[in-house]
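After this come two complexes, each holding chain A, first together with chain B and then together with chain C.
Moving on, here comes the complex of A and B:
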């Protein structure tokens, strides 16, 4: 226990709709997965002596998949790795990707093996009502308490309790699109104004269309290694800590009210404590902005600003790429889109590119970035909290 | 790495159809999961100082589930463990349950934590065509190459190549039902004759209805602990080794022909090698008999008998509870039914009961049982091999 864990290769596909309609190509989900893995392999090969057949174990995050297929297996088969690399398919709703990375991190930290692969992939385009699902087990969801409705209630409550303004909610999207305009892998890359956001179609008052992340398709992959292996690479990024918790999932609102997430606050506390870091130490964050209000709650739960001041924090621009606490330099879920299993892995890919000053992200480079945190929240159909929360802290402070 | 791992508590529900029709109760899948976990907790409490809130981590195996729910979370919530015990939901088709147990085993072996929970749960009743699924990605499955068809082809090939008789296939079922008649948790408990099996409805020639495992509902749970914790318990069972591999999943038949499983043979070789044991050392096995021919292939791949002689091996009775190599004392998938995520965990529950001479299984106790192996195969819709294979060797040879 306690061995160092490092990222030695990352890759992702464009996040978009690959459903074969409207002139878009159809790409099956396992081919997206294979593309991301191949890019991560090539990235590792570029920076050190890497042999793909030496990957010891892998986790594939995917929420929607053919039941009897091994979805991760189909991706590995594309690369000739099947029968060589074991794969465990994991899911924890929107936190699935972070979970996959976490599993590899803890395995390597424990000395189970030296090289692990975490990948996430998802194809949501063509599926209707992906987010409202959960119906059947839960009468609330069946009656319309879909994700959008719940986040709208969170937003209303936040506005009521703290005086958060709809313009502040809109500002989250304005910044997200500005960041995404510099990210070729993002789906929505047109810059927008507060006016544009507020005048887009109303989905669940006060959340307009632009304040809801698109459901789309994509994949991302991360190759992790023990210190022994990582030492032979040019620019490894260190995993400071990784955590996966189960949320409180009660039928009552969480403690502290629905305008917050008990689970996210708890997750961040554990991350800070385990890594011996404080909110001040974090250079930038990739947070779970499935809806505009999500980003506001995230900066509060991460203690980047006091509770209730998340709206102001965005309004004042601290969260821009050139601000003092950039949030979602990738454009986040709001602009990249949210192919469930892929999202948490994509966040880590972004963090790694940022921390190694990769040419890949030169237009959106966070200056002097040293420490990053990524987090996702999973589930939340039943009750007002989440099913799972996962987070990872990475840094480029390498001391061999 | 290399710490001892022990089972300190096991539990399972009855495997049956809990779908609310024909006078049967409706029990949602997470309540089945909770019931199995609670039984495992009570089992641990009975044999040592156990505090359920001290479970460090858990894996839940489930194949079919509400997408946005955390299925494992819903089970933990029933027991007040949510927000305390992290849960990773895993799936590898029919090998999901074995995978969940394996993940906990390797975590504890690596010293990641001291107490882990592996559970599996599934509700297939009411679902049509659970096994043929995979349609969409795979044209063969869409055209009717469902599991039953593939196993029928395996059986025909085995008969052609080795002279295996349909009466030998039927004998597998006769023994399965005889074992199940002593297992109150099994679904099909009436003893049958070779005649009964062969005259049951034809499903896919030569496989008649009784030669196909029923799709049903159920859950099973296993609590594992490090040596430090296990020492305080009365009758822990040792995990000798656990393995999860990805299968070869090609569009061509596997090497050696479709009458065998390259992946299962490979899995067993790894299990024997890692545990420093031979087929001779195994007292009994719980194998993946989704169809009668599956059990015959399994005893061959496990090297309990030479290749091609699996039919004769059953016919000669080696495989009966009082034989020299009992197979599926529980009744196996053919009689217990096969709620996908639960099956691999249930096999471990059976192995533990047998190895500790638990009163629970007094009518089907394998005499002098010391070492057991469990194995499941997952997937197999695409191509003629499987997506994943998992196996676990357990023993009651405890030396502190």
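Moving on, here comes the complex of A and C:
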């Protein structure tokens, strides 16, 4: 990385279904985006001399929703920023949000500009059931592939190969809900038991409903700056490194089974190498737990525990907020919900709050948090384990 | 009766039906690696000198899942998805041709062979039309 890159402002909306039914308000997606951006702006203003018109460039992550001819522009319009701040709309499946943050990091590191905005927003309420993957567009989707089934097949294979128990998969959800019960921005905040998880409706066996993240609405925003600017701010958080990769083609039986992700393992290796950090250095992680098994494979690919022991790692509680390697203190995708474009940005928002010891998260503060990693895995395209994988390492170890 | 079966256009070139249903992959004439789905450029050595290659009829179930919630209304649940590991060292994504009464007998490691079967139903002028593709049929040992 060239120039140092720092986060100087973050914000997010509540993640929920803002569809105007069941007493909930209807909020269109660009207004959610604007709300998150405004919060990030106000957060930056609180911490230093910030002027929103000095944002040089922005990226908006959005996948399934919004106005086709410029969703990000509609959000900026709400804030009077149109014509002042350029915006590029970014689409990379579930990794879009991480991608948007990564783009800004790359630009600032390259010295292209000093202040960048990354935001993600999505509105999936109104769509129920498994996400449509594109019948008639992608061959696998056309043959019936669903994200639920893809992860279900991973789960079955993991259970077959390593003896992972269904109760261990359920434990991931139990912990996720416990963390979310302390996060007012999360959608599913009621604590659940292993029995609750396993007795919920079967979606794609062995995955039951509670083991699948809900599709919902939400937005998150992050303002990043060069060292020169960040120095004038109180409590900036450093981007140690950010990486985006594409999935591999094809998958070969001799190269391993679907109980692991080649892409995520590769992503994490690059992140560790580029940042000169090791799995031991990581205080906590926000991982892509779109499904229970996702979190189990993620802790293995991140080398927080040996391959095959992810289930046990959760069962033993290492992954709880007061454990030695907290996973998803926010509640993760399983409980916050997963408005695709927003998720990767939301993870960074959580990481920044944690690393700053922000009062916002006092009920779920990871003790002595110094270094965090966030990661998302995007999409499924025929023949690949994922379409895109993105990861970011952040720290509060600032040396000017 | 005797009407022509509609084959899923996106995978039409991925298999043959005569004299039997077999998947068609790609073999690179330069590095000799085999790929499925078929490709026009070798992802290993970038050669465009590639040829069609008929995969074995039979492979082994790497994993599977019974889908209860469909990703699109054209799929009738439940249906079963699987990955099949082929002797040519490629992993194939497929629907399984299996009756609901046999679901309990499904397991990882079973052999399965390529067949033609219905994968979904399209609504055409108010009529439900079955769409066909390659599928794999598990072999249950007695």
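Basically, the second predicted complex is superposed on the first by the 379 of 400 C-alpha atoms of A that agree within 3 Å, B and C clash if a C-alpha of one lies under 4 Å from a C-alpha of the other, contacts with A are read in each partner's own complex, and residues count from 1 in each chain.
The definition used in the following text is that a residue touches a chain if its C-beta (ideal position, glycine included) is under 8 Å from a C-beta of that chain, and two chains touch if they have at least 3 such contacts.
Bear in mind the structure is a predicted one, so any value in this text is a computation, not a measurement.
Participant: A:237 in the overlay: touching chain B, chain C, both, or neither? Say first, second, both or neither.
Facilitator: In the superposition, A:237 touches no partner, neither chain B nor chain C.
Participant: Have a look at where A:392 lands relative to chain B and chain C in the superposition and call it first, second, both or neither.
Facilitator: Neither partner.
Participant: Is A:93 contacted by the first partner chain B, the second partner chain C, both or neither?
Facilitator: Only chain B; A:93 stays clear of chain C.
Participant: Just chain B (first), just chain C (second), both, or neither: which does A:153 touch?
Facilitator: A:153 sits against chain C, while chain B stays out of touch.
Participant: One more residue to check, A:203. First (chain B), second (chain C), both or neither?
Facilitator: second
Participant: Report for A:342: first if it touches chain B alone, second if chain C alone, otherwise both or neither.
Facilitator: Neither partner.
Participant: Between chain B and chain C, which one contacts more residues of chain A in the superposed model?
Facilitator: If we count touched residues of chain A for both partners, the winner is B.
Participant: Of the residues on chain A, which ones does chain B touch that chain C also touches?
Facilitator: In chain A, positions 130-131, 133, 135-136, 138, 147, 249-250, 382 sit in both the chain B and chain C interfaces.
Participant: Applying the document's contact rule, which stretches of chain B touch chain A when the two form their complex?
Facilitator: So the residues of chain B in touch with chain A come to 1, 28, 30, 63-64, 66-70, 73-74, 76-77, 82-94, 99, 103, 106-107, 109-112, 130-131, 133-138, 147, 244-250, 263, 266, 378-382, 387-388.
Participant: Residues of chain C touching chain A in their complex?
Facilitator: Touch residues, chain C against chain A: 8, 10-11, 14, 35-37, 43, 62-72, 74-75, 79, 81-83, 85-86, 89-91, 93-95, 108, 119-120, 133.
Participant: Can you list the chain A residues touching chain C in their complex?
Facilitator: Contact set of chain A toward chain C: 129-133, 135-136, 138-149, 152-154, 156-157, 160, 201-207, 249-254, 257-258, 382-383.
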